[in-house]
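Right after this note come the structures.
Common to both upcoming complexes is subunit A, partnered first by subunit B, then by subunit C.
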Partner chain A sequence: MRKIDRDANRFKQIVRGKIKSDLRKYITHGELIGKTGGEFVSIPLPQIEIPEFRYGDKNRGGVGQGPGDVGTPIGRSGEGESGPGAGEAPGQHILEVELTMDDLAQILGEELALPRIEPKGRANIIEEKDKYTGIRQAGPESLRHFKRTYKKALKRQIASSQYNPRDPLVIPIREDKLYRSWNPITSPQFNAVVLYLMDVSGSMTDDQKEIVRTEAFWIDTWLKSQYDGVTTRYIIHDAVAREVDEHTFYHTRESGGTRISSAYNLANKIIEESHSPMDWNIYVLHFSDGDNWGEDNRQCIGLLRDQLLPKCNLFGYGQVESPYGSGEFYRELEEAFEAVPNMALSEIRNKEGIYESIKEFLGRGR
Partner chain B sequence: MTLSRKIAAALDENTRAYNLPCVVTLDDGPDRINLEITSLDSVGVALDALEYVASDRKEWTPEALNAWGEKLSKSVSYLLEPLKVLEVDGGAGLAQLRSASPTVRGDVRGYYEVRLDRQGICRFERYVVDPGGRGRRRTPCHLTREVVERLADDIAAGSS
Partner chain C sequence: MSIANTHDLPADLRAIQLETEGHARDYGLDFYETIFEVLDYDEISEIAAFGGFPTRYPHWRFGMEYQQLSKGYRYGLQKIYEMVINNDPCYAYLLRCNQLVDQKLVMAHVYGHNDFFKNNIWFSQTNRKMMDETANHGTRIRSYMERFGEDAVESFIDSCLSLENLIDVYSPHIKRREPVDRYDFQEGEEADPQTSKFQSKAYMDGFINPPSVLKEAQLQQEAERQKAKPSAFPEQPERDVLLFLLEHAPLKTWQHDVLAIIREEAYYFAPQGQTKIMNEGWASFWHSTIMTQKILHPSELLDYADHHSGTMATQPGRLNPYKLGIELLRDVEERWNKGQFGPEWEECDDYETKRRWDTQAGLGRKKIFEVRCIHNDVTFIDTFLTQDFCKRYQLFSFKHNDQNELYEIESREFKKIKERLLFNLTNFGQPIIRVRDGNYRNRGELYLGQEHFGVDLRLDYAQDTIRHLHRLWTRPVHLETTVDGRPTLLSFDGTDHSIRPLGGVSHDAEPKDRRRA
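Let's turn to the complex of A and B:
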């Protein structure tokens, strides 16, 4: 290993340690969400200080300027007055480190002690990939393996005494040329679908939606690290449910009443139509303030027991506290599904509660 | 005689006579008001709920309920917590108003809640959120007599 690689690895370890120690802050602040770009996430690390020399007062003072007489002492810098106003120079920059989403998921898993997920069902989706693992003597010039071709030509020239070290010219002939070749590799692919359900009735404020957004980001990050392919679908509901895109999911506010069963019905319909439990690992995560109207709670419990829970790897319900407190729905579910292994319940009182809530949802290894 | 006058008269006459808690019912043509009183003196009233029933209309549409709620949120400006229409459920025939910002006193948050339903019933209550955050409970509304009288008039006016 080259020294530069060792240094780079050491730096990476320092960065990982720093992120791990501040993970709770990153999770609760939600600042990483806006910094994701494709496979990378950019993390600000203002705390890493690069060591530098600091000079004492002694021996300070510059070189004199202008004509002087012999013996004139060079002036010392004195205690000057502070200058007026703010400076124009740029301030200290915050160091931003780019991390892959997989690395971030790994850090999350280590810090929260999350067990790896055991995908359920059969992995009946077989993916075929081409990998360049072999060498052939024929192939297109674009795939020519220059290093091996050169070595083979060199060996031939040395063996046939054609190689002159003073004039190290190596000319490959047709027999020397080697080309990369590929082999198809088949691997089973585990797929997962995550259905996010959110109550967007009038009692859900923007702060609560921000909590849901932050939590969904981390759950996504973890699930994507555990499965080959993760499909995400979004459902919003007040008294009526509908499927929407991600942006609408986080930015819609309705003024209708709250009927949670409408969302459960739609989720069940989507699963039945597009995501057979035989082929998919299914996650349903629902967030609400728990203010469900009327007799709908009983209907929700029936739908969960008979339809959704038998199909899901995990059903997670996060009750986000509103300025008006928490509704009764959490307690209803707690009573009805006390010891159901694929049901995770979490009360999220504020942003600080996201950390524990993620642990609650993902700590079951399902 | 308006509802407010009837309320004032009923409370004046019976300040000492009521066996508390009690429900005082007052009718004014098609309107009826029930005051679920838990405490009463010459200045103020503590109410578990104030319920108003407008029986001059058979069925209230969601639009009519929303309009009633909006009128209330505009006219009832004298409570420390202004009201706002939070949810209107057309299917269930319900509209819900709550304090725009709950009042926080120490660990306890409190807010008013008004429910309007398709039978023309308006129910005015107050809730507090337990400090532990697990659930909420109803608590008496402490209002001066003048506020109760004015509130009753505004609820009735909003329904017409």
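Let's turn to the complex of A and C:
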């Protein structure tokens, strides 16, 4: 191990510790999301700098070079070294650290004390992979095992006293050649589908959607760490429901009434059509401000009890408080379903509530 | 006979080294033996993260640097061309994947730095065997980590690093006071007050040694002792806070050693900060001179021009030390070649005469060699920056506009530009802080004071730093500074921070903009 690896690992540990102790802040500020790129999330870490006595921005100045009249802005304060010029310590900028999604999920799990999810049902999705595990006599030249072939040739030459140590020439013949071979390995794979349902009626504002987005990000992160494959589907509804893509999900705004049962019906239909509960672990997560059309509530409860709950690993309902107040739906559900193990309810008053809400949803290990 | 160490260098690079070195010597550069090593980017990132030394003590920030450097390279944001270490012999690293023309440029540049390290007065007190010294530091700190635990030692290093800039960069050159050993105790403290007493029989004692005389002698002794005793502690405000802590803070032996290591390295690196403009200017001056006059092959011209101008480029509103340094040196050379200096030149105020002024003095080369010997950035700018120069290179001063949080161009006046530049160069643009009292309120508290020049400290950082100071001093720590024009005392007593206008009432304070960077 190089010396720098020790320091780099140490730094990673510190970062992890830092994130762990600040996780609540990151979650509630939604600082991590929107920054995902492929497998990594980058996280701003301003406090990992070692503090020192240093000048603040106020009254600060310096010397630059170039055209411009007096009063021309040349840079924003705090934005890297926007000038303070020679003699300054190099780049004191916000540090962004990259974490893999797995790391992040692990930190989340440790910090919220989330239990591992036991996948339900048979692991009847079998994945086949080829693994190079064996050796055989025939095969394509590209798979020739050089070392073994060489050894075998050497042995043969020594045995047949063709080998001369003074002139160590080893020539493999056809019988010497050995090739790698593969065996198919089957492994069970647990798949999950997450259905996000969101109320997009007029009373849901951008702030509420931001909360949903942040929360969905964290739930995804966790579920992805628990299952081999996670599919996400999105449903929006007001008085009617339709399936949309992720972007539309977060950016649509409708007006009009709310009929939650429409979304539950659609979710049920999607499950029946393409995600058989035999093969899939199903998560239905619904976010709304709870302002449902009064008579619809009974229908919703019926749908849940008879259709969705028996099929789902978990049904989660998060009631996001909107500027117009919070509806009745939460209480209706609470009354109708007492202590149903695969149903989680949570009221999210504001961004600070996301943390507890995630815990409520995922804390059941289902 | 060349002194070049050409070990391990491929033949083509060795040839270039020998040629470049020969030209450098012919130009009058005077340098240590130079050892070039060719490294991959990953290796050069590692060494750069360690501040140029392949062996440093273990610390996470090197890992952080490394990640940033290697990431920056992967994303194509930055690339380290060259690195050179102030050491005898002087080590320099070349990037393996560079083109040959880059290697030439870098080598010529390195000889410039090497000459500067050897001859500039501000480097004269640095340890020229730092390569070995940092390795020793590493060994010592590693052994402390084994004995006292990685976390304990590392977090102590964090505290020391937080105070790293509290040194007195001039102290290696001026002896300000005798060193104090914390195990030196004042001798004669408990001396017998009766020494002036004559021998006598007991019944005569009252007459031979009359009580009144004795008393007087005793008082006199007391007064002398008071006079001999320093009236304050420290006697003079102490700029080298780290030294003061080494001498007086209740540190464990290993902590004492760790702090001494950090301090030694801070002093080693200080001159590079003091002479950034000059050092880079000087090296660039020589790579451009040697390249364009001697070793550049015509086929390499475009690449050279591209890379040279890349180094010299200035972004709007940013000062490039390479550019400022090389242009100012060229300006000095030209002025002294033409005799544009001295009282006659200063007094002349006819534009046309000045423009044509050329006494054929030819002193330019000699002058810049002198400059590279005796100046640092502050004195260099102070002495040689001219109004004409500022105009020619479109320099301006900028300042922070507190209303819109932007830096804005403030002025193009020579006076203002020079003032800002000097301010940012003085003490590396860092606040000047001294120990004023090591026994504040007679309770062993530490009292520091900042010399305020109109720019306030960043308060959240200051408070965190005071916390680290407290960790070393273990008694309450105070810093007198100025906030919004009012003298203010920042204190930390081990549990709570307070910010108190001097002469006012204390209130607890939690820095507001902790998250802002």
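Please note the rule applied: the second predicted complex is superposed on the first by the 268 of 366 C-alpha atoms of A that agree within 3 Å, B and C clash if a C-alpha of one lies under 4 Å from a C-alpha of the other, contacts with A are read in each partner's own complex, and residues count from 1 in each chain.
Note that a contact is a pair of C-beta atoms (placed from the backbone, for glycine too) under 8 Å apart; a residue touches a chain by one contact, two chains touch by 3 or more.
Values in this document were obtained by computation on a predicted structure and should not be read as measured data.
In the overlay built on the shared chain, the residue A:Gly257 is in contact with subunit B alone; subunit C does not reach it. Of the two partner chains placed by superposition, only subunit C is touched by A:Arg6; subunit B is not.
Look at A:Ile14: by the touch rule set out above, it reaches subunit C but stays clear of subunit B. In the superposed model, A:Ala239 makes contact with subunit B only, not with subunit C. In the superposition on chain A, A:Asp69 makes contact with subunit C only, not with subunit B. In the superposed model, A:Ser201 makes contact with subunit B only, not with subunit C. After superposition on the shared chain, subunit A has more residues touched by C, the comparison being subunit B against subunit C.
Those residues of subunit A lying in contact with subunit B across their complex are 201-203, 238-239, 255-259, 293-294, 321, 323-326, 328, 331, 347, 349. Residues of subunit C that touch subunit A in their complex: 46, 49-50, 54-56, 58-64, 66-68, 71, 154, 158, 161-166, 273, 276-277, 314-321, 323-324, 377, 393-402, 404-412, 417, 420-421, 423-426, 428-431, 433, 450, 454-462, 464-465, 468, 479, 514-517. Subunit A meets subunit C in the complex at residues 2-12, 14, 46-78, 81-89, 92-95, 97-98. Within the complex, the subunit B residues that touch subunit A are 85-92, 94, 96, 98, 101-102, 109, 111, 127, 129-130, 133-136.
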